[in-house]
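Have a look at the structure below before the remarks.
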Amino acid sequence: MAIEQLTLNQVNREMQQCIQNCLDCHSICLNTVTYCLQKGGRHAELAHIQLMLDCAEICNTSANFMLRGSDLHARTCGVCAELCQRCAENCDRMGDDAQMKACADMCRRCADSCRQMAMATA
Amino acid sequence: MAIEQLTLNQVNREMQQCIQNCLDCHSICLNTVTYCLQKGGRHAELAHIQLMLDCAEICNTSANFMLRGSDLHARTCGVCAELCQRCAENCDRMGDDAQMKACADMCRRCADSCRQMAMATA
Amino acid sequence: MAIEQLTLNQVNREMQQCIQNCLDCHSICLNTVTYCLQKGGRHAELAHIQLMLDCAEICNTSANFMLRGSDLHARTCGVCAELCQRCAENCDRMGDDAQMKACADMCRRCADSCRQMAMATA
Amino acid sequence: MAIEQLTLNQVNREMQQCIQNCLDCHSICLNTVTYCLQKGGRHAELAHIQLMLDCAEICNTSANFMLRGSDLHARTCGVCAELCQRCAENCDRMGDDAQMKACADMCRRCADSCRQMAMATA
(Lines give C-alpha, C1' and ligand atoms only; values in the text may rest on other atoms or scores of the structure.)
Protein backbone atom coordinates (compact mmCIF):
# COMPACT_ATOMS: atom_id res chain seq x y z
CA MET A 1 0.00 0.00 0.00
CA ALA A 2 1.07 3.62 -0.37
CA ILE A 3 3.18 5.06 2.44
CA GLU A 4 0.38 7.60 2.89
CA GLN A 5 -1.96 4.80 3.98
CA LEU A 6 0.32 3.38 6.67
CA THR A 7 -0.64 3.83 10.31
CA LEU A 8 2.11 6.16 11.48
CA ASN A 9 2.51 7.55 14.95
CA GLN A 10 2.60 11.32 15.38
CA VAL A 11 2.96 12.09 11.70
CA ASN A 12 0.40 14.53 10.34
CA ARG A 13 -1.15 14.36 6.87
CA GLU A 14 1.21 16.88 5.29
CA MET A 15 4.31 15.21 6.68
CA GLN A 16 3.13 11.78 5.62
CA GLN A 17 2.71 13.13 2.09
CA CYS A 18 6.25 14.50 2.25
CA ILE A 19 7.62 11.13 3.42
CA GLN A 20 5.87 9.51 0.47
CA ASN A 21 7.36 12.05 -1.94
CA CYS A 22 10.86 11.55 -0.51
CA LEU A 23 10.66 7.77 -0.83
CA ASP A 24 9.19 8.03 -4.34
CA CYS A 25 11.91 10.46 -5.36
CA HIS A 26 14.62 8.29 -3.79
CA SER A 27 13.22 5.28 -5.67
CA ILE A 28 12.96 6.83 -9.09
CA CYS A 29 16.40 8.47 -8.82
CA LEU A 30 18.13 5.20 -7.95
CA ASN A 31 16.26 3.43 -10.72
CA THR A 32 17.12 6.18 -13.21
CA VAL A 33 20.84 5.87 -12.41
CA THR A 34 20.69 2.36 -13.88
CA TYR A 35 18.66 3.58 -16.87
CA CYS A 36 21.20 6.34 -17.59
CA LEU A 37 24.20 4.03 -17.29
CA GLN A 38 22.53 1.71 -19.81
CA LYS A 39 21.87 4.57 -22.23
CA GLY A 40 25.45 5.89 -21.95
CA GLY A 41 26.56 9.12 -23.62
CA ARG A 42 25.69 12.32 -21.78
CA HIS A 43 23.13 10.40 -19.69
CA ALA A 44 26.08 8.62 -18.05
CA GLU A 45 28.20 11.67 -17.35
CA LEU A 46 29.60 11.97 -13.84
CA ALA A 47 27.81 15.19 -12.85
CA HIS A 48 24.43 13.73 -13.72
CA ILE A 49 24.87 10.30 -12.11
CA GLN A 50 26.38 11.91 -9.01
CA LEU A 51 23.48 14.32 -8.60
CA MET A 52 20.93 11.51 -8.83
CA LEU A 53 22.86 9.47 -6.24
CA ASP A 54 23.07 12.54 -3.96
CA CYS A 55 19.37 13.25 -4.44
CA ALA A 56 18.38 9.64 -3.71
CA GLU A 57 20.43 9.63 -0.52
CA ILE A 58 19.26 12.93 0.96
CA CYS A 59 15.63 11.99 0.14
CA ASN A 60 16.12 8.75 2.07
CA THR A 61 17.72 10.60 4.99
CA SER A 62 14.94 13.21 5.10
CA ALA A 63 12.24 10.53 5.02
CA ASN A 64 13.96 8.74 7.91
CA PHE A 65 14.15 11.92 10.02
CA MET A 66 10.40 12.46 9.53
CA LEU A 67 9.59 8.80 10.20
CA ARG A 68 11.50 9.00 13.51
CA GLY A 69 9.61 12.22 14.34
CA SER A 70 12.88 14.14 14.69
CA ASP A 71 12.79 17.83 15.54
CA LEU A 72 15.52 18.54 13.02
CA HIS A 73 13.77 17.17 9.93
CA ALA A 74 13.35 20.75 8.70
CA ARG A 75 17.11 21.03 8.28
CA THR A 76 17.46 17.88 6.18
CA CYS A 77 14.32 18.81 4.21
CA GLY A 78 15.90 22.18 3.38
CA VAL A 79 18.95 20.52 1.83
CA CYS A 80 16.69 17.95 0.18
CA ALA A 81 14.56 20.64 -1.50
CA GLU A 82 17.69 22.22 -2.95
CA LEU A 83 19.08 18.95 -4.29
CA CYS A 84 15.74 17.81 -5.74
CA GLN A 85 15.39 21.14 -7.54
CA ARG A 86 18.85 20.81 -9.11
CA CYS A 87 18.26 17.18 -10.01
CA ALA A 88 14.96 18.08 -11.73
CA GLU A 89 16.71 20.73 -13.82
CA ASN A 90 19.46 18.31 -14.77
CA CYS A 91 16.94 15.64 -15.79
CA ASP A 92 15.07 18.20 -17.90
CA ARG A 93 18.28 18.89 -19.81
CA MET A 94 18.56 15.23 -20.82
CA GLY A 95 15.70 15.73 -23.30
CA ASP A 96 12.26 14.28 -23.43
CA ASP A 97 12.37 10.54 -22.93
CA ALA A 98 9.73 9.19 -20.57
CA GLN A 99 12.04 8.03 -17.76
CA MET A 100 13.88 11.36 -17.49
CA LYS A 101 10.59 13.23 -17.55
CA ALA A 102 9.08 11.03 -14.82
CA CYS A 103 12.22 11.50 -12.72
CA ALA A 104 12.21 15.29 -13.20
CA ASP A 105 8.51 15.51 -12.28
CA MET A 106 8.98 13.46 -9.13
CA CYS A 107 12.00 15.57 -8.11
CA ARG A 108 9.95 18.74 -8.50
CA ARG A 109 7.09 17.37 -6.45
CA CYS A 110 9.50 16.31 -3.72
CA ALA A 111 11.28 19.69 -3.79
CA ASP A 112 7.92 21.44 -3.26
CA SER A 113 6.88 19.42 -0.24
CA CYS A 114 10.36 19.49 1.33
CA ARG A 115 10.47 23.26 0.90
CA GLN A 116 7.19 23.55 2.78
CA MET A 117 8.49 21.30 5.55
CA ALA A 118 11.64 23.38 5.82
CA MET A 119 9.70 26.62 6.08
CA ALA A 120 6.96 25.38 8.38
CA THR A 121 9.39 24.67 11.17
CA ALA A 122 11.96 27.36 10.42
CA MET B 1 1.71 8.25 -5.28
CA ALA B 2 2.40 4.66 -4.34
CA ILE B 3 5.79 3.24 -5.31
CA GLU B 4 3.85 0.67 -7.33
CA GLN B 5 2.59 3.44 -9.62
CA LEU B 6 6.03 4.89 -10.40
CA THR B 7 7.44 4.45 -13.89
CA LEU B 8 10.39 2.18 -13.14
CA ASN B 9 12.83 0.81 -15.69
CA GLN B 10 13.21 -2.98 -15.96
CA VAL B 11 11.30 -3.75 -12.78
CA ASN B 12 8.46 -6.24 -13.24
CA ARG B 13 5.15 -6.10 -11.40
CA GLU B 14 6.10 -8.59 -8.71
CA MET B 15 9.40 -6.87 -7.96
CA GLN B 16 7.76 -3.46 -7.84
CA GLN B 17 5.32 -4.83 -5.26
CA CYS B 18 8.26 -6.17 -3.24
CA ILE B 19 10.01 -2.77 -3.38
CA GLN B 20 6.81 -1.18 -2.09
CA ASN B 21 6.59 -3.71 0.74
CA CYS B 22 10.23 -3.17 1.71
CA LEU B 23 9.83 0.62 1.83
CA ASP B 24 6.53 0.32 3.73
CA CYS B 25 8.13 -2.08 6.21
CA HIS B 26 11.21 0.14 6.58
CA SER B 27 8.92 3.13 7.22
CA ILE B 28 6.67 1.56 9.80
CA CYS B 29 9.60 -0.05 11.67
CA LEU B 30 11.47 3.27 12.00
CA ASN B 31 8.28 4.99 13.08
CA THR B 32 7.51 2.24 15.60
CA VAL B 33 10.95 2.61 17.20
CA THR B 34 9.89 6.11 18.25
CA TYR B 35 6.50 4.85 19.43
CA CYS B 36 8.13 2.13 21.55
CA LEU B 37 10.68 4.48 23.11
CA GLN B 38 7.79 6.76 24.10
CA LYS B 39 5.85 3.90 25.65
CA GLY B 40 8.89 2.61 27.57
CA GLY B 41 8.82 -0.63 29.60
CA ARG B 42 9.27 -3.81 27.61
CA HIS B 43 8.47 -1.93 24.40
CA ALA B 44 11.78 -0.09 24.87
CA GLU B 45 13.93 -3.11 25.59
CA LEU B 46 17.18 -3.35 23.64
CA ALA B 47 16.40 -6.59 21.79
CA HIS B 48 13.14 -5.19 20.45
CA ILE B 49 14.43 -1.76 19.40
CA GLN B 50 17.51 -3.33 17.84
CA LEU B 51 15.49 -5.79 15.78
CA MET B 52 13.27 -3.01 14.42
CA LEU B 53 16.34 -0.93 13.49
CA ASP B 54 17.92 -3.98 11.83
CA CYS B 55 14.68 -4.76 9.99
CA ALA B 56 14.28 -1.15 8.79
CA GLU B 57 17.84 -1.10 7.47
CA ILE B 58 17.84 -4.41 5.61
CA CYS B 59 14.44 -3.52 4.06
CA ASN B 60 15.95 -0.27 2.80
CA THR B 61 19.01 -2.08 1.45
CA SER B 62 16.90 -4.73 -0.30
CA ALA B 63 14.65 -2.09 -1.87
CA ASN B 64 17.74 -0.27 -3.15
CA PHE B 65 19.20 -3.43 -4.69
CA MET B 66 15.94 -4.02 -6.56
CA LEU B 67 15.64 -0.38 -7.62
CA ARG B 68 19.15 -0.54 -9.10
CA GLY B 69 18.19 -3.77 -10.88
CA SER B 70 21.04 -5.64 -9.19
CA ASP B 71 21.54 -9.34 -9.91
CA LEU B 72 22.20 -10.00 -6.26
CA HIS B 73 18.92 -8.68 -4.84
CA ALA B 74 17.90 -12.27 -4.10
CA ARG B 75 20.67 -12.50 -1.50
CA THR B 76 19.61 -9.36 0.39
CA CYS B 77 15.94 -10.34 0.06
CA GLY B 78 16.76 -13.69 1.69
CA VAL B 79 18.23 -12.00 4.76
CA CYS B 80 15.40 -9.47 4.71
CA ALA B 81 12.73 -12.19 4.78
CA GLU B 82 14.37 -13.75 7.84
CA LEU B 83 14.63 -10.44 9.72
CA CYS B 84 11.07 -9.37 8.86
CA GLN B 85 9.76 -12.71 10.11
CA ARG B 86 11.58 -12.35 13.44
CA CYS B 87 10.50 -8.74 13.77
CA ALA B 88 6.85 -9.69 13.16
CA GLU B 89 7.02 -12.32 15.90
CA ASN B 90 8.62 -9.86 18.31
CA CYS B 91 5.94 -7.24 17.59
CA ASP B 92 3.21 -9.83 18.17
CA ARG B 93 4.64 -10.48 21.63
CA MET B 94 4.19 -6.82 22.59
CA GLY B 95 0.44 -7.36 22.86
CA ASP B 96 -2.42 -5.96 20.89
CA ASP B 97 -2.08 -2.22 20.51
CA ALA B 98 -2.79 -0.90 17.03
CA GLN B 99 0.74 0.30 16.18
CA MET B 100 2.42 -3.00 17.08
CA LYS B 101 -0.22 -4.91 15.16
CA ALA B 102 0.19 -2.72 12.06
CA CYS B 103 3.97 -3.14 12.27
CA ALA B 104 3.73 -6.93 12.67
CA ASP B 105 1.33 -7.21 9.71
CA MET B 106 3.56 -5.13 7.47
CA CYS B 107 6.63 -7.20 8.48
CA ARG B 108 4.81 -10.40 7.59
CA ARG B 109 3.72 -9.06 4.21
CA CYS B 110 7.28 -7.96 3.48
CA ALA B 111 8.71 -11.31 4.62
CA ASP B 112 6.38 -13.10 2.19
CA SER B 113 7.33 -11.07 -0.86
CA CYS B 114 11.05 -11.10 -0.03
CA ARG B 115 10.94 -14.87 0.41
CA GLN B 116 9.44 -15.20 -3.07
CA MET B 117 12.13 -12.91 -4.51
CA ALA B 118 14.85 -14.94 -2.82
CA MET B 119 13.49 -18.21 -4.18
CA ALA B 120 12.67 -17.00 -7.68
CA THR B 121 16.29 -16.23 -8.43
CA ALA B 122 17.95 -18.89 -6.28
CA MET C 1 43.58 0.76 8.15
CA ALA C 2 42.27 4.22 8.97
CA ILE C 3 40.07 5.90 6.36
CA GLU C 4 42.72 8.63 6.27
CA GLN C 5 45.21 6.14 4.85
CA LEU C 6 43.02 4.95 1.99
CA THR C 7 43.95 5.94 -1.56
CA LEU C 8 41.05 8.22 -2.42
CA ASN C 9 40.55 10.01 -5.71
CA GLN C 10 40.23 13.82 -5.65
CA VAL C 11 39.85 14.06 -1.91
CA ASN C 12 42.27 16.46 -0.24
CA ARG C 13 43.83 15.95 3.17
CA GLU C 14 41.34 18.10 5.05
CA MET C 15 38.34 16.43 3.46
CA GLN C 16 39.73 12.97 4.08
CA GLN C 17 40.09 13.86 7.76
CA CYS C 18 36.46 15.05 7.77
CA ILE C 19 35.29 11.78 6.16
CA GLN C 20 37.16 9.90 8.89
CA ASN C 21 35.52 12.01 11.59
CA CYS C 22 32.06 11.50 10.10
CA LEU C 23 32.48 7.72 9.93
CA ASP C 24 33.96 7.63 13.45
CA CYS C 25 31.09 9.74 14.77
CA HIS C 26 28.52 7.62 12.92
CA SER C 27 30.10 4.49 14.39
CA ILE C 28 30.28 5.60 17.99
CA CYS C 29 26.74 7.06 17.94
CA LEU C 30 25.20 3.82 16.63
CA ASN C 31 27.19 1.84 19.16
CA THR C 32 26.18 4.19 21.99
CA VAL C 33 22.47 3.76 21.14
CA THR C 34 22.84 0.10 22.14
CA TYR C 35 24.80 1.05 25.26
CA CYS C 36 22.09 3.53 26.33
CA LEU C 37 19.23 1.10 25.72
CA GLN C 38 21.06 -1.41 27.92
CA LYS C 39 21.55 1.14 30.70
CA GLY C 40 17.90 2.27 30.57
CA GLY C 41 16.60 5.21 32.63
CA ARG C 42 17.29 8.65 31.23
CA HIS C 43 19.95 7.18 28.93
CA ALA C 44 17.10 5.44 27.06
CA GLU C 45 14.80 8.44 26.75
CA LEU C 46 13.36 9.08 23.30
CA ALA C 47 14.95 12.50 22.73
CA HIS C 48 18.43 11.16 23.44
CA ILE C 49 18.19 7.96 21.38
CA GLN C 50 16.58 9.86 18.51
CA LEU C 51 19.32 12.47 18.42
CA MET C 52 22.03 9.79 18.31
CA LEU C 53 20.22 7.99 15.47
CA ASP C 54 19.82 11.31 13.61
CA CYS C 55 23.48 12.18 14.19
CA ALA C 56 24.67 8.75 13.00
CA GLU C 57 22.61 9.03 9.83
CA ILE C 58 23.58 12.56 8.79
CA CYS C 59 27.25 11.73 9.48
CA ASN C 60 26.95 8.75 7.15
CA THR C 61 25.23 10.86 4.49
CA SER C 62 27.85 13.62 4.74
CA ALA C 63 30.71 11.12 4.47
CA ASN C 64 29.08 9.62 1.38
CA PHE C 65 28.70 13.03 -0.30
CA MET C 66 32.40 13.71 0.27
CA LEU C 67 33.44 10.23 -0.87
CA ARG C 68 31.52 10.74 -4.12
CA GLY C 69 33.19 14.14 -4.53
CA SER C 70 29.82 15.90 -4.64
CA ASP C 71 29.68 19.68 -5.02
CA LEU C 72 26.94 19.88 -2.45
CA HIS C 73 28.78 18.22 0.45
CA ALA C 74 28.99 21.63 2.14
CA ARG C 75 25.22 21.64 2.58
CA THR C 76 25.05 18.24 4.26
CA CYS C 77 28.16 19.09 6.34
CA GLY C 78 26.37 22.22 7.58
CA VAL C 79 23.43 20.20 8.92
CA CYS C 80 25.85 17.58 10.23
CA ALA C 81 27.82 20.15 12.24
CA GLU C 82 24.60 21.34 13.88
CA LEU C 83 23.43 17.85 14.78
CA CYS C 84 26.83 16.73 16.08
CA GLN C 85 26.97 19.82 18.29
CA ARG C 86 23.55 19.08 19.80
CA CYS C 87 24.37 15.42 20.22
CA ALA C 88 27.61 16.29 22.05
CA GLU C 89 25.72 18.54 24.47
CA ASN C 90 23.12 15.85 25.08
CA CYS C 91 25.80 13.24 25.76
CA ASP C 92 27.52 15.61 28.21
CA ARG C 93 24.28 15.84 30.17
CA MET C 94 24.23 12.07 30.70
CA GLY C 95 27.05 12.41 33.22
CA ASP C 96 30.56 11.15 33.22
CA ASP C 97 30.67 7.52 32.20
CA ALA C 98 33.39 6.66 29.70
CA GLN C 99 31.15 5.72 26.76
CA MET C 100 29.10 8.95 26.91
CA LYS C 101 32.28 10.98 27.22
CA ALA C 102 33.91 9.25 24.23
CA CYS C 103 30.74 9.81 22.20
CA ALA C 104 30.53 13.50 23.15
CA ASP C 105 34.21 14.05 22.30
CA MET C 106 33.85 12.39 18.91
CA CYS C 107 30.70 14.44 18.15
CA ARG C 108 32.56 17.65 18.97
CA ARG C 109 35.52 16.73 16.77
CA CYS C 110 33.15 15.89 13.91
CA ALA C 111 31.16 19.11 14.40
CA ASP C 112 34.40 21.11 14.11
CA SER C 113 35.56 19.56 10.87
CA CYS C 114 32.08 19.63 9.30
CA ARG C 115 31.75 23.31 10.21
CA GLN C 116 34.99 24.02 8.41
CA MET C 117 33.83 22.07 5.35
CA ALA C 118 30.54 23.97 5.34
CA MET C 119 32.30 27.34 5.53
CA ALA C 120 35.10 26.56 3.08
CA THR C 121 32.69 26.10 0.23
CA ALA C 122 29.94 28.49 1.30
CA MET D 1 41.41 8.15 14.45
CA ALA D 2 40.92 4.68 13.04
CA ILE D 3 37.61 2.95 13.81
CA GLU D 4 39.71 0.26 15.50
CA GLN D 5 40.81 2.78 18.11
CA LEU D 6 37.30 3.93 19.07
CA THR D 7 35.92 2.95 22.46
CA LEU D 8 33.13 0.61 21.42
CA ASN D 9 30.78 -1.20 23.75
CA GLN D 10 30.61 -5.01 23.52
CA VAL D 11 32.56 -5.25 20.30
CA ASN D 12 35.53 -7.61 20.44
CA ARG D 13 38.83 -7.04 18.65
CA GLU D 14 38.01 -9.22 15.66
CA MET D 15 34.62 -7.61 15.12
CA GLN D 16 36.05 -4.12 15.44
CA GLN D 17 38.57 -4.99 12.71
CA CYS D 18 35.70 -6.24 10.54
CA ILE D 19 33.76 -3.00 11.10
CA GLN D 20 36.86 -1.07 10.03
CA ASN D 21 37.22 -3.19 6.90
CA CYS D 22 33.54 -2.74 6.00
CA LEU D 23 33.72 1.05 6.38
CA ASP D 24 37.01 1.19 4.45
CA CYS D 25 35.56 -0.97 1.69
CA HIS D 26 32.35 1.10 1.60
CA SER D 27 34.46 4.26 1.35
CA ILE D 28 36.78 3.17 -1.40
CA CYS D 29 33.96 1.66 -3.47
CA LEU D 30 31.89 4.87 -3.37
CA ASN D 31 34.97 6.90 -4.21
CA THR D 32 35.89 4.56 -7.06
CA VAL D 33 32.42 4.92 -8.61
CA THR D 34 33.26 8.58 -9.21
CA TYR D 35 36.72 7.68 -10.52
CA CYS D 36 35.24 5.17 -12.98
CA LEU D 37 32.56 7.55 -14.24
CA GLN D 38 35.30 10.11 -14.91
CA LYS D 39 37.40 7.58 -16.81
CA GLY D 40 34.44 6.39 -18.90
CA GLY D 41 34.67 3.46 -21.32
CA ARG D 42 34.44 0.01 -19.77
CA HIS D 43 35.15 1.51 -16.34
CA ALA D 44 31.73 3.20 -16.56
CA GLU D 45 29.74 0.16 -17.67
CA LEU D 46 26.53 -0.52 -15.80
CA ALA D 47 27.52 -3.92 -14.38
CA HIS D 48 30.69 -2.53 -12.84
CA ILE D 49 29.21 0.66 -11.37
CA GLN D 50 26.23 -1.28 -10.04
CA LEU D 51 28.41 -3.85 -8.30
CA MET D 52 30.47 -1.13 -6.59
CA LEU D 53 27.27 0.62 -5.41
CA ASP D 54 25.88 -2.71 -4.16
CA CYS D 55 29.16 -3.53 -2.43
CA ALA D 56 29.35 -0.09 -0.77
CA GLU D 57 25.80 -0.41 0.53
CA ILE D 58 26.00 -3.93 1.95
CA CYS D 59 29.35 -3.05 3.61
CA ASN D 60 27.66 -0.09 5.27
CA THR D 61 24.71 -2.22 6.36
CA SER D 62 26.99 -4.95 7.77
CA ALA D 63 29.07 -2.40 9.68
CA ASN D 64 25.88 -0.95 11.17
CA PHE D 65 24.62 -4.36 12.29
CA MET D 66 27.94 -5.00 14.07
CA LEU D 67 28.02 -1.50 15.59
CA ARG D 68 24.53 -2.06 17.04
CA GLY D 69 25.67 -5.43 18.38
CA SER D 70 22.94 -7.23 16.45
CA ASP D 71 22.66 -11.01 16.69
CA LEU D 72 22.02 -11.25 12.98
CA HIS D 73 25.21 -9.57 11.77
CA ALA D 74 26.46 -12.96 10.56
CA ARG D 75 23.69 -13.02 7.95
CA THR D 76 24.54 -9.60 6.49
CA CYS D 77 28.27 -10.40 6.69
CA GLY D 78 27.64 -13.56 4.65
CA VAL D 79 26.06 -11.56 1.81
CA CYS D 80 28.74 -8.91 2.19
CA ALA D 81 31.57 -11.44 1.79
CA GLU D 82 30.00 -12.67 -1.44
CA LEU D 83 29.55 -9.19 -2.89
CA CYS D 84 33.05 -8.03 -1.90
CA GLN D 85 34.54 -11.09 -3.56
CA ARG D 86 32.70 -10.40 -6.82
CA CYS D 87 33.55 -6.72 -6.68
CA ALA D 88 37.26 -7.53 -6.19
CA GLU D 89 37.24 -9.80 -9.25
CA ASN D 90 35.49 -7.14 -11.31
CA CYS D 91 38.00 -4.49 -10.26
CA ASP D 92 40.88 -6.81 -11.15
CA ARG D 93 39.49 -7.10 -14.67
CA MET D 94 39.71 -3.32 -15.14
CA GLY D 95 43.49 -3.59 -15.46
CA ASP D 96 46.26 -2.30 -13.34
CA ASP D 97 45.70 1.35 -12.48
CA ALA D 98 46.34 2.23 -8.85
CA GLN D 99 42.76 3.11 -7.86
CA MET D 100 41.26 -0.14 -9.18
CA LYS D 101 44.02 -2.13 -7.51
CA ALA D 102 43.49 -0.39 -4.16
CA CYS D 103 39.75 -1.00 -4.44
CA ALA D 104 40.22 -4.68 -5.33
CA ASP D 105 42.64 -5.20 -2.42
CA MET D 106 40.28 -3.57 0.07
CA CYS D 107 37.34 -5.66 -1.21
CA ARG D 108 39.37 -8.84 -0.74
CA ARG D 109 40.40 -7.89 2.80
CA CYS D 110 36.76 -7.09 3.65
CA ALA D 111 35.53 -10.34 2.07
CA ASP D 112 37.96 -12.28 4.26
CA SER D 113 36.92 -10.73 7.55
CA CYS D 114 33.19 -10.88 6.70
CA ARG D 115 33.53 -14.53 5.79
CA GLN D 116 35.05 -15.22 9.20
CA MET D 117 32.25 -13.29 10.92
CA ALA D 118 29.64 -15.25 8.97
CA MET D 119 31.21 -18.58 9.91
CA ALA D 120 31.97 -17.77 13.53
CA THR D 121 28.31 -17.35 14.36
CA ALA D 122 26.82 -19.82 11.89
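We just call them A, B, C and D in the order they show up, numbering each chain from 1.
Following the convention adopted for this analysis, contacts are C-beta pairs under 8 Å (C-beta built on N, C-alpha and C of every residue); 3 or more make two chains touch, one makes a residue touch a chain.
No experiment lies behind these values; they were computed from the predicted model shown.
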{"item": "Pair from A-D, A-C or C-D with over half of its contact pairs in common with A-B", "value": "C-D"}
{"item": "Remotest chain, subunit D as reference, centres from CA atoms", "value": "A"}
{"item": "Pair of chains joined by more contacts [C-beta pairs], B-C or B-D", "value": "B-D"}
{"item": "For subunit C paired with subunit D, centre-to-centre distance based on mean C-alpha positions, whole Å", "value": "21"}
{"item": "Approximate Å spacing (C-alpha centroids) for the pair subunit B, subunit C", "value": "27"}
{"item": "Chain centre separation in whole Å, for subunit D relative to subunit B (CA means)", "value": "23"}
{"item": "Multi-chain contact residues (two or more partners), subunit B", "value": "33-34, 38, 50, 53, 64, 68-69"}
{"item": "Arrangement of touching chains [line / ring / star / complete / other]", "value": "complete"}
{"item": "For the subunit C and subunit A complex, residues of the former touching the latter", "value": "50-51, 53-54, 57-58, 61, 64-65, 68-70, 72, 75-76, 78-79, 82-83, 86"}
{"item": "In the complex with subunit D, residue positions of subunit C that touch it", "value": "1-4, 6-11, 19-20, 23-24, 27-28, 30-35, 38, 60, 63-64, 67-69, 98-99, 102, 106"}
{"item": "In the complex, subunit A residues that touch subunit D", "value": "33-34, 37-38, 40, 44-46, 49-50, 53"}
